[in-house]
Amino acid sequence: MSTSMSVISAPGAADSLATSLRRVRQRTVALAAPLSAEDACVQSMPDASPAKWHLAHTSWFFEHFVLAEHAPGYAAFHPRFEYLFNSYYYTVGQMHLRPRRGLVTRPSLEEILAYRAHVDAALERLLGDGDLPPEPAGRVTLGMHHEQQHQELLLTDIKHLFAQSPLLPAYTELLPPAATEAEPQRWIRGKPGITEIGHDGSGFAFDNETPRHRALLGEHMLASRPVSNAEFREFIADGGYSTPALWLSDGWSTVLAEGWDRPLYWQEDLEQEFTLGGLQAIDPAAPVTHLSYFEADAFARWAGCRLPTESEWEAAASTVPVAGNFADSRALHPRPAATGASELQQVYGDTWEWTASPYSAYPGFRPLAGSLGEYNGKFMCGQMVLRGGSCATPAGHVRPSYRNFFYPVQRWQFSGMRLARDGT
Amino acid sequence: MSTSMSVISAPGAADSLATSLRRVRQRTVALAAPLSAEDACVQSMPDASPAKWHLAHTSWFFEHFVLAEHAPGYAAFHPRFEYLFNSYYYTVGQMHLRPRRGLVTRPSLEEILAYRAHVDAALERLLGDGDLPPEPAGRVTLGMHHEQQHQELLLTDIKHLFAQSPLLPAYTELLPPAATEAEPQRWIRGKPGITEIGHDGSGFAFDNETPRHRALLGEHMLASRPVSNAEFREFIADGGYSTPALWLSDGWSTVLAEGWDRPLYWQEDLEQEFTLGGLQAIDPAAPVTHLSYFEADAFARWAGCRLPTESEWEAAASTVPVAGNFADSRALHPRPAATGASELQQVYGDTWEWTASPYSAYPGFRPLAGSLGEYNGKFMCGQMVLRGGSCATPAGHVRPSYRNFFYPVQRWQFSGMRLARDGT
Amino acid sequence: MSTSMSVISAPGAADSLATSLRRVRQRTVALAAPLSAEDACVQSMPDASPAKWHLAHTSWFFEHFVLAEHAPGYAAFHPRFEYLFNSYYYTVGQMHLRPRRGLVTRPSLEEILAYRAHVDAALERLLGDGDLPPEPAGRVTLGMHHEQQHQELLLTDIKHLFAQSPLLPAYTELLPPAATEAEPQRWIRGKPGITEIGHDGSGFAFDNETPRHRALLGEHMLASRPVSNAEFREFIADGGYSTPALWLSDGWSTVLAEGWDRPLYWQEDLEQEFTLGGLQAIDPAAPVTHLSYFEADAFARWAGCRLPTESEWEAAASTVPVAGNFADSRALHPRPAATGASELQQVYGDTWEWTASPYSAYPGFRPLAGSLGEYNGKFMCGQMVLRGGSCATPAGHVRPSYRNFFYPVQRWQFSGMRLARDGT
Amino acid sequence: MSTSMSVISAPGAADSLATSLRRVRQRTVALAAPLSAEDACVQSMPDASPAKWHLAHTSWFFEHFVLAEHAPGYAAFHPRFEYLFNSYYYTVGQMHLRPRRGLVTRPSLEEILAYRAHVDAALERLLGDGDLPPEPAGRVTLGMHHEQQHQELLLTDIKHLFAQSPLLPAYTELLPPAATEAEPQRWIRGKPGITEIGHDGSGFAFDNETPRHRALLGEHMLASRPVSNAEFREFIADGGYSTPALWLSDGWSTVLAEGWDRPLYWQEDLEQEFTLGGLQAIDPAAPVTHLSYFEADAFARWAGCRLPTESEWEAAASTVPVAGNFADSRALHPRPAATGASELQQVYGDTWEWTASPYSAYPGFRPLAGSLGEYNGKFMCGQMVLRGGSCATPAGHVRPSYRNFFYPVQRWQFSGMRLARDGT
């Protein structure tokens, strides 16, 4: 087992790994079940991928990183899939270009499901003995967490695709909205001084969460809950989108170039928004989502506050159970915070929270060895860290040290914000 | 019946119109039969449209221009289809933007086929009485010819789509290549002096073929057959794609910008080409196709010749029966000319022939009245005329006066060339 | 003297050629006199060139095509100028890219004037003997006409540049506007039947005006004068720019993409326009100018008319003296027609007139031999013919057969229109 | 004096402020002295500005932020200059768009120099009394430092402009190269633990250097000198530009899209580079410069090292005198380190050093009040910090806490790198 692999902790028994794997693999297929072959094939923008591609790429990941190396005699399903379904691993070889993923009508969805079955069968055989060494076991574990990431992308990509259709179709039926009002936002004091940040080594983590290291926090306060739709509506009403002084320079250029005047998926009337359940009334008490970093940052400035750093966020989040409105709740949309809570609310689930932290390497960071080193490290430039997971994140996927990252201009993820400020 | 409609001659009896219509409508569905729902949904470039869109738009054409006006009580299949499936009739209303046609995964292919059935049933009812007045009868006829145009586009668009896939799938199985050699090209003298050009009023024609008018031809010669693949290979071998003096200025810019060095669909080895039957050996004796106007013009200059004008072409083509390798032959690819013929060969079918004529209005041209006036006239700028039909054109669709038109840069149609020269 | 050179008729005596040449060369320098070194250096768009480049390129033309071949012992002024000041003659060699012409601050304007003097001196020596053979004499003549074309471009390019400055500076002081009203437009009958078109061989012509050939004209009428500003204002007031049915498809796309709602240089109030004399009141009686072909075509459709073909135009223009408001009048802006005239007015000068004719080769056209063959022929695609010259054209430069050509989208030239219609 | 202004410490006496100001203002004019009016007018890319614009904008800065508010009766030089020469202060009002700065040929260079004189005279009057209150005094000081930044940009922008000319002109004559070899690079241990970072309040600083705050450093080493040209040549020879595993994802995309294979201004032979003195041999011992962040980062990865964080850099730089090869040395190009030194070399001057730190707000950062708040804060996204100044930086302009910032893709500044690594 290579040093660089040590961050992937294999579960205790191959049996339970096989069970977990099976559950994850089946879940991806289940998420694609409401989709027609057409829905699964089309790519709505270069940032997004077709559902069929997610189904295939997550299988390729196991095929390339596990089966090809660790399953003697494994026969690849198709000789060109290595090219077609490699995402961005240049050290693996040339790949089909990302903006062209939606042009691949053949192989069909059906064939891709057969591809999945082929890979699953080989994985079952490999894991069947119950005696998988740490290196391949670690890679299987990585593949499961990798697949969970694509489960979330599958949902956000389908949402984006359906939003392009003039008919605004629904992916699924949503739960009825909760009839609550948002709790007033309160300020909760963060602990200043030196804190430990990063993954502590118990259980799985991506390489970018390591190594655990010390960070220095100043006096600061965090909002008790994310910013709500009602609050964001106030920002709009107050001319937020037409006040350059509130915006980062690149943000203001984007506002002008794209004509932004509201969150992605909000309708012009600011009353309805497009959801995975089709057009729905905007719930004023629910956390605002589908914000770019630029919008989150502008809102914070307007509110006289700032965004939390990822260290501040992680220090606070470590004190809270990892529970919330994840994809497994089937809400598939942020919901208002429960009332009457006394502590930090909605830290996990509902909506990712933009932090003030650019996505960079932790001190002493070492990427995984080999091609897997391309997984996270090479994106450490130009992107911002988001924390906490969303209503589209599989339960069990995130943890306090989990670092998500997107470009400041992107907003098709479930991305919202929590306010922070200096002082006590 | 409005004056502007007079160019559409309705067949003698509503019965036979109903039969013709049924045949055309069924043929479109048959052409789409080899396609999966995914194949039918994706758009490979802004110039192309999804097969599903072709299926829907041709139905919308009847719905809007025939049923809505002439079938009392007709209920539109879906209120948004007027928006979704209008192509470019601005006077009808706003429309879904062309480059976004491929984003519409819903309605599904199945729903579009139901839409077609709905429209077909209404058309059957309308035509059932056998007593359709000239105006709606003329519009039904126009709709049939319109649909035939989309049948050809459906094939060329699918070919383009399949060419984007690294797997290079086949739409159908092609006939085995003919084992012939190309006839030597001979020069056939064209008749100089004043000739009559344009549609003579017997049977259907598009408005852009009218009015019939006099044109003045000089002394000229036409090649007995189109340029062959073998001949075009000589042009390449002689450095045709790297000799700026052979090219129009805009053509040379395109060669540099796009890196063109061979016809579309030819493989790098110049031995194979992508066809509707997948990768096939290039038949040296068959007409070269998938050329842009720029390439056809450069080849002609290299050969010391020129392209024919559309008047020269039409004058000659009027002396030849309208027969050839059309889509009905199921070759779906150009084939070598028959040997031993003494006259002009392959005037019709196999490959469209670029002419030297910019697509302009004939003297005295009047577009159809109303929104149908947008059908042809508004494209009379920047495009070049092609004549004769191709292996993807339905038999019976073209005639000597038929004017096809594309931008000089486009080459995803079956577009080739025939040489011409001055003198005797 | 090569056959292809025969279209360039050398003047009778070398003496008078030297005198003409001197006059043309001095005029270019005089046109640049009001410009600062900065004005002469900057390029406002890829279509335009810096005045300094015009000064240099016209000298390079003589250097390359006359002195290098016909002046034994001529020493090039600078070894890199062949690269820097070649415009588009690929057969001559690589060239500095057009959009980068404005980046060349050195050589300075002063050095370019020295370059001109160097070339002029060599030309004087060459022409001094009075015994120049026809071939070089023809090339000198071509160079003079070439330089006159750049004199007009120098003015239109400077106008475009100055229009980019928020200070809207003036190139020169304009004449006061004439206090006339526009004559009512009358219809003048054109002569139908076969006519001779193209240059008749007496005096100089460009290759694209040849060969003289027969053309067939139908019954048609031409407007007595160009469309006026007042008339174009009516088109705007009637919603011309927001009525898609009036526009060619590519024209309407341009209107939407560029936000066009008035001629280039008209101010938003439709009362003032930017001229070579700075901001001026729009003279309602003067011909409208700075129209694209798309706008001219849309206006004609709105007026229930059409544009003349170039054959119709030339047939009529041949009956009228070549006189008008050329650059030598120093008005440098279109002026109202004289009142009381009974025949065609403003055929020459004031504003170029868009015709309905795509720029193509005449039957039997042969470009000049060698690199000079790139002068005109390679642009015969995608452009439209304009006729008659403008207020920026040097007097003596145009003739009835003169063919100017621009893309239908371009409008920084002095380009307007005259109406035509079918019938009698 | 507002709180937010407190970071601008006014010098002790107005007299000395006037003297300093005069010196800075004269220096800008002196830097432009080798430029022709043409050189000073043209803009070579949207990132760069014309020298004339730098001359004007720095004057506008004093006009708007000092004279308009603090010099009663001051008359603006020209009413449109507020629009023309505002750079990016949206809260001040609309501005001439950055990519159009090069289109302004009028006002001329001469007029801009008159504008400068007008502003200088008013500033002299204002400062003449020797009794300027802290607020305007602080703004004058800020304006001086602002002008020094533009002095550096003027040089890098001119270098970029001259590099576009096929003639590769020289701005000035450079010093002859030093005949030294590069010292071997040694590792110097940085001090781990908590350190104080940011400006300490003595003398001037920009707002982005504040507030001074604690930072936590791990065990680390810094290279004794910047990476040399010879070392960078090894990276190229080893296939650095064709090894995707060495690059950040966005960096690799840039390499492919731009065809990068060497530092900006290096010639294809890797032997010569374009400098402010024209083409020169690359000095192997001199620091490499004109690297993007992507190239610096890739080099560091190739070398098995990393870039220093800005805290590491600042902690080390604080121990070293602020001296080096600044613009005042007139070398205007990086030069080899002096030999025999035992400590950190070339920390200041020669070439800016990319750090691993994204440009963000320090904890507790507050931008200046009012429009001056747009100076620095709004750029805190997507850019990387550079430290130490360069051969184009005015002596006296930088300090240990000085933070420069550019996008990772930019490389027209004098930007190089120093290696760092973890451990001891």
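Here the chain labels run A, B, C and D in written order, and each chain numbers its own residues starting at 1.
As a working rule, a contact is a pair of C-beta atoms (placed from the backbone, for glycine too) under 8 Å apart; a residue touches a chain by one contact, two chains touch by 3 or more.
Note that this is a predicted model, so its numbers are computed, not measured.
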Chains in simultaneous contact with subunit A and subunit B: none
Chain of greatest Cα-centre distance to subunit A: C
Fraction-based call for subunit C against subunit B, same above half, different below: same
Whole-Å separation of chain centres (CA-atom averages), subunit B against subunit C: 37
Subunit B and subunit D: spacing of chain centres that average the CA atoms, whole Å: 60
Subunit A, residues touching no fewer than two other chains: none
Topology of the chain contact graph, where touching chains are joined (line, ring, star, complete, other): ring
Chains that touch, pairwise: A-B, A-D, B-C, C-D
Subunit C to subunit D touching residues, read off their complex: 36-42, 44, 52, 80, 83-84, 96, 100, 102-109, 161-162, 164-167, 169
In the complex, subunit A residues that touch subunit D: 88, 90-91, 194, 213-216, 218, 244-245, 247-252, 293-294, 297, 306, 356-358, 360-361, 363-364, 373-374, 378-382, 384, 408, 422
